[in-house]
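The same chain A turns up in both complexes below, where it pairs with chain B and then with chain C.
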Partner chain A sequence: MPDKKEDIRIGVFLCHCGSNIAGYLDMEELEEFSRKLPHVTFVLRNLYTCSEGGINEIKKAIEEQNLNRVVVASCTPRTHEPLFRSSCGEAGLNPYLFEMVNIRDQCSWVHMKEQEAGTTKAKDLIRMGVAKAALLEPQEPIMSEVQRRALVLGGGIAGMTASLALANRGYEVVLIEKEESLGGMLNNLNKLSPTMTDAGALADEKIKAVTGHVNITVFTKAKVTEVRGFIGKYNVDIETESGVTTIDIGVIVVSTGGRAFVPEGLYGYDGKRVVTQLEMEKLLKDGLDTDIKNVVMIQCVGSRNEERPYCSRICCQTAVKNAMLIREQNPDSKVSILYRDMQMYGVENEEMFRDSKAKGVRYINYDPANPPQVEFDKVRVYHPLFGRDMDLPVDLVVLSTPVVSQEGAEEISQLLRVPIDENGFFLEGHVKLKPLDFATDGIFLCGSARFPANIRETVAQGLGAASRASIPLAKGSIVVEPIISVLADEDACRGCGLCVALCPYGALEVRTTEKGRKVHVIDVACKGCGVCAATCYQHALSINSFTDNQIEAQLEAFLD
Partner chain B sequence: MCTGRVDPALVAKAFKKGIDGLMVVGCYFGDCHYITGNHQAKAKMDMTRKLFKFIGLNEDRLAFRQCSSGEASVFVELVSEFDQKILDIGPLGGDGDTVKAPEIFKKLEAAEAVLAGEKIRWIIGKRTPFLETGNMYGEVFTEHEFNRAIDMIIVEEMEVQEILARLKETARSVKDLANDLTIPPARVFRYISALKRKGMVALDTVAGQTPIFQIARQEV
Partner chain C sequence: MLDVGRHPNLELLAYSEVEKVEGEAGNFKVTVRRKTRYVEEDRCTGCGACAEKCPTAVPDAFNEGLGARSAIYSYFAQGIPSTHTIDPDHCRQLNGKKCGICAKTCQAEAINFEQEDRIIELNVGAIIIAAGYDIFDPSLIPEYRYREIANVVTAIEFERLLSASGPTEGHMDRPSDRAVLAEIAALEKKAKKSQKALDKLEKKFDEPSAAFYGKYQAGEYEGDEDRKKWADKYASHLKIVEPLEELKKKAKRFTVAKRLAFIQCVGSRDFRFYPFCSGYCCMHSIKEAVIAQEHAPETTSTIFGMDIRAIGKGFEEYKIRGGNNSNITYVRGRIAEITEGPNNNPVVTYENTRERKVESREFDMVVLATACAPTKGIGTLAKTVGVELDKYNFIKTSSLSPVDTTTPGIFVCGCAESPMDVPESVAQASSAAQRAAEIAFQSELEKEKAVA
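This part shows the complex of A and B:
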């Protein structure tokens, strides 16, 4: 219900978006239509509402027409809502008295050949937006302080890189490693392509830098057992052999890495004559036995199947790299790589691939329906070009197995309330727009915890995650969108805690107040999903800017 | 905003106001922007569909579907398919539904009250704990057991709400209510006793030997 005390004056701005909207919808008709909607006192069409001119028109109209609600019908709120909101703010109108209607992406763009139907749909959308706008209430952004200390989970190359980057910027870092020593997967590797850097030397250098850094506290043989709080104000229990330590933390970086799949029962794997690519790294590091003359590598062992449908992406380059190193150590050896598809992304990998062929590494394509057979001294494989089975003599078979998710990843995902995907890897906020952030503010991810990555990519991601994590640390405070859950009717709340159990973010808690047990919304942690409001049987909880009566008003407007 | 925000009571309200179909489209499981909200949404919509079926509304008028924001073609397919489905079913309360208009709107009114009510919201909210960690006695329920409980609660809650709706119109006896609603008189009596205890229904008069009940006036 509109507040009767206040005279609701809505301004509607219709954006042509060049010809993106005006080319397909009847803008004049939309203008006429908008004028007749309840509470609308001003309507203006712009060529581009988001241009400087368009923004100035909004500001001018707020002042001159005394508007107290603004509706812009244009493109997507994803990109432009913040701009229009802040423009309203600059003109002295509370930014949350703004409503955006998308008449481009799901309207003019998809109804390019149906002007009439598209215009009718735009009318529905505008009418709904205006109906909601009339009921909007002002909101104030939420401020909260940030503890300038980062927690990094996992002391592999990802975690060490992120820790050093953060520590060098002057922030305190607490680094947790479950093993006895730092380094993780890097400790098991030999040479890193394409530069053939020595992995051991890199590990030593990083470990030295981390352990010697004044800003980094390392806990080894440690694990996190409890995480309370939210961005800026986490409170974390760390369990080590000497007991439990509790530390206040501002941001968290997840760099728990992955592990190589062990192909028990596949291709006669025994760790001696049939080894994994990871074990091959150690053999090469220790110096390959000169008797080894014939090596066959099999790709996609235990990956790209029903159980693990994904491509682990780094095994191909590892196989090619190791094939060349085998040829280097034992120049008269023969190396064949049996593959399904070669995943050699990037210029350097392509080059290495070509180079390997020139240096005599042989490639044979195999069909997963007819996989190679490993026997005692030979590997039988169907050669598609010869059209018959071939027997390759072997002294050593190397299986390229995928990187799989880390042990305990699920436990960590539950502790931090962040998602993992169906393969057990941590799920980033958005694959393109937020690749190193979780959807939850204040928690970041990098390295193979996210998805199989080689050392170079892991370092880049570690730096990236540290950079993202530095933003709240540098600011020392965060501002959160106030479109969150609120206890709208305190008297109705019975403090039953039903909503607390359902909140995906741990943003609700029951507190004892003067009025008894009542739910309390931790505003900084709330993401405004609305599950609680749709669950509360007392209808005590509501979502700012998405209240029941606002949604109902939209529904009614839709049916008008 | 998540599909988890879609309040079943609002869904019933939308149908009451005259829409013919409603589709809720959320993220894929495991890919939810709000972590677990889509699981909540699915459970809520499944339950609402059960309730709709029970009141004689074609449950296919309400759909829960999933697609990612990158799958425009899947979205188009979902919408086109649903649109066709609703065209086939026809207008609300017509041939596609067991109960016809205007009766169906009365039923929807009661359904809205059920869906806004404590019992059904409580059990849906407790679904995950019941199925995964168990109740406070550690009893874990199977999906089948849970659905049976929901079915039972839907019947009871609908009947209670319908009784209240009838009593709001005028005071009635147990027998009249039983006839009107085709519920066995013994069950109506049980509901009325319970409602009386809760102070929601009161005795109006006694006509001959038959007690006539009315809605209790709410004391403020």
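This part shows the complex of A and C:
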């Protein structure tokens, strides 16, 4: 540690990056400066430190100069740290005795017109990097086995698709369904747009494939009651009528779906003359009463309002589909859809929308500030094209209600320690770039558990989540960077659990030890974000390669 | 991108084209043409020294032609691979002129003017098509006057104007103003040159040009050949400086665009072009309006659309926030035409369907939300690879097998399949990877069976 100063031999490599750095900073001055820094025994400038030549220079210097710390001042760790680290490793130096200083992206590029100030800043950065390097300690990568078995939670079309996809690649799958049978929402639907496939037939086909697959074990009327462990090594309790089964699991896919909102108290909903689209599915399946001649559908019932601000994506498609099916079953019926925006996005939906107009479905735009009024035998709506209220006679009113979050989603969120969003849907790791992953490694997401989606999208997501989940399964083990949190001072820890509550990755837990309640870091789950160490008022936790004394040394060097 | 460049299981063949595909699921033979870059990939470090020295300026395709790049270039700064490429249409050396400056500059000795296309063969189990989409060309809609009115731009051009690393460093400078500024710069260069020549003469005759010119015009130096030349020079100098001063005066009044109009469904939901909805454009208009207002808080935006399709996770909320916090107004209506008003301001004439009125409004800039058009090369690609297209020229799939093409072992994802936004493209990419892996697994199984 700090007092063994004589042992430490730091090599500093200054990269010109062609002219990207050398064009704006005074490299000679930086070289002179670096030579005088404590523990620095070797300094070299390279045109490109990352080129083969540059890398060889680092390796040569480690051997010939007996370096035991390496500092490269260059572009950015985002792109080049892994390369430099592994090069140190190849020369026999522990890769974590390497420190990178960013003098391009954060210095030469932002101070292109201020050579002097830029050079001074680069000096500060290098001095700080060297001060930290002197205190670096060797680390070993963390390895952990992965149980090659997946748990899929929820047996709707999303869960069945994901299960089959994983099973087709030779992985064992445990599929849990809380209801008596698989199929989810499909079991309640009639025909599926845009192809008008029979929902029941599709469900049956998938159920057959799932139950017949040697790699899939299905538990119905089942419930997950306890989830222990972390990626690769989960241990899950499954409760069924015949008792509790405990299974080792490597990865988890959440596909618990959603449910259709029931519009109690809205637009005179009674389930008879005023029904939901879900109830409409059943009416159509059973064959529509031929007396039904006048139908009005109202969109956005219970959605896009203060309480539920989101657009549920699929209810417009459903309305258009059902409007056409009504016209097909009762050709002399009149169907009007009262809407805010017709969300018929994409190729297939817009085509169906156009088709429906050709088939006589009528559309009237309404303003949410002046919504339609449902009376016993008519619906009154302001017609913007005519500029006045109109009365539409009705035999049946159909309310398009949103898909809302699944019952028990909160419970699942707590069991798995994954977040849900303000609308109650599960929250993915990154809205754009990681739509099917949770932030926590090893847990994945698909279907309407994530957000309302139609069958095409749900199937794609089921396949996609399986693909993401198969990565650790295929590798059979995971290797994590050792830059993670450690309980550096066990005695200081009071087991208060503040850090546990704040860790975004579920990487901490409080365990009872001989010394009392102490926090425990689950190595493979930790991402080294540092929230815990920053929170711990006892300074019991510390992040490898970002320890308090390393950061203090950097700060001191800066203030020097 | 970075992860793609660095992944050990991933070989990236950029600047390459598929020429032939043979075989079947589990065992395809793919012939690939690696087009010459005239730069050795294993040597080029991507430093960009060559591009800095290259004397040839070419409109920059990455910045939608709004900026310039050199004849040797990397597509954009953070591009992967960072290998530079010589543009054979513009490079002086490759067009028979003397140059080779890049080769002299490159310390890695990566430039090779003799490099030729190479043909390589790959053996693969499955193929994924992710060839994306093209931007619809709005000049096909005459009433929007996209090419005629400088301040009518496409959303992708506007995206570049918004970008901090784009041609305006994120300032909402109007294209008409930028054109004037470019003209000023060109005239200033000319003026400097002619001023130099005048300086010499002024020294020689020891008199300022203006004073001399007055006398000359009064007929004082009749018959003096030398002085006539001076006078001619001065006259042509004035022809440069006078309009220059005019332009400069005009440029003083330039401000960034503050009143923006966004026009939805340009080429989409339109029978003349693409009847489908492109799905992502409503959201990118809202996004662009929000960002523009972040850059300059007094910016106001009007989004003209039939329906605003905010159908993704958090989208409707974003749309409402845009209205509440970013000065965005949503107007339901169809645009009849765009004309040019005073001060190069585009004027939008539209039917406000809520109010049942035809209205006209003047804006500083109009942004067209162009349709997601099938990518141009898709026909050839589909033929080469051997898959069917749908009636719009997207790759044909079915809703129950959303990433399977009509040929087993060949899959598709992203906008090559149909218009979709980034999260959906990312999800589909994973789906396609899954299907490809299934093929690989099955063919391994069969091989094992064959051995046993």
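Here is the rule we go by: the second predicted complex is superposed on the first by the 374 of 560 C-alpha atoms of A that agree within 3 Å, B and C clash if a C-alpha of one lies under 4 Å from a C-alpha of the other, contacts with A are read in each partner's own complex, and residues count from 1 in each chain.
Convention: contacts are C-beta pairs under 8 Å (C-beta built on N, C-alpha and C of every residue); 3 or more make two chains touch, one makes a residue touch a chain.
The structure presented is a predicted model; accordingly, all values stated were derived computationally and were not measured.
Novice: Could you tell me if A:D560 is touching chain B, chain C, both of them or neither one (first, second, both, neither)?
Specialist: neither
Novice: Go through the superposed model and pick first if A:Y537 touches only chain B, second if only chain C, both, or neither.
Specialist: A:Y537 contacts chain B only, not chain C.
Novice: Would you sort A:L463 into first (chain B), second (chain C), both or neither based on which partner it touches?
Specialist: second
Novice: After superposition on the shared chain, which partner residues are touched by A:E509: those of chain B (first), chain C (second), both, or neither?
Specialist: The answer is neither, since A:E509 touches no partner chain.
Novice: When the two structures are overlaid on chain A, which partner does A:A439 contact: first (chain B), second (chain C), both, or neither?
Specialist: Touch partner of A:A439: chain B, not chain C.
Novice: In this superposition, which partner touches a larger number of chain A residues, chain B or chain C?
Specialist: C
Novice: Answer with first, second, both or neither: which of chain B and chain C does A:D355 touch in the superposed model?
Specialist: neither
Novice: Would you mind listing the overlap between the chain B footprint and the chain C footprint on chain A?
Specialist: Looking at chain A, the two contact sets intersect at 421.
Novice: What residues on chain A touch chain B, complex-wise?
Specialist: So the residues of chain A in touch with chain B come to 417-422, 427, 439, 498-499, 501-502, 504-505, 527-531, 533-539, 543, 546, 548, 551-552, 555-556, 559.
Novice: Quick one: in the complex, what on chain B touches chain A?
Specialist: Counting only chain B, the residues touching chain A are 1-2, 4-8, 10, 13-14, 17-19, 30-37, 40, 44, 116-119, 121-122, 124-126, 128-129.
Novice: Can you name the residues of chain C that touch chain A in the complex?
Specialist: 2, 6, 45, 47-49, 52, 107-108, 269, 275-277, 279, 307-317, 320, 332, 353-354, 356, 390, 392, 394, 398-403, 418-420, 422-424, 426-431, 433-435, 437-438, 441-442, 445
Novice: If you look only at chain A, which of its residues touch chain C in the complex?
Specialist: 17-20, 47-48, 50-51, 78-79, 82, 165, 168-170, 192, 194-195, 197, 202, 304, 309-311, 313, 341-351, 354, 365, 367, 384-385, 387, 421, 425, 431-436, 450-451, 454-457, 459-468, 470
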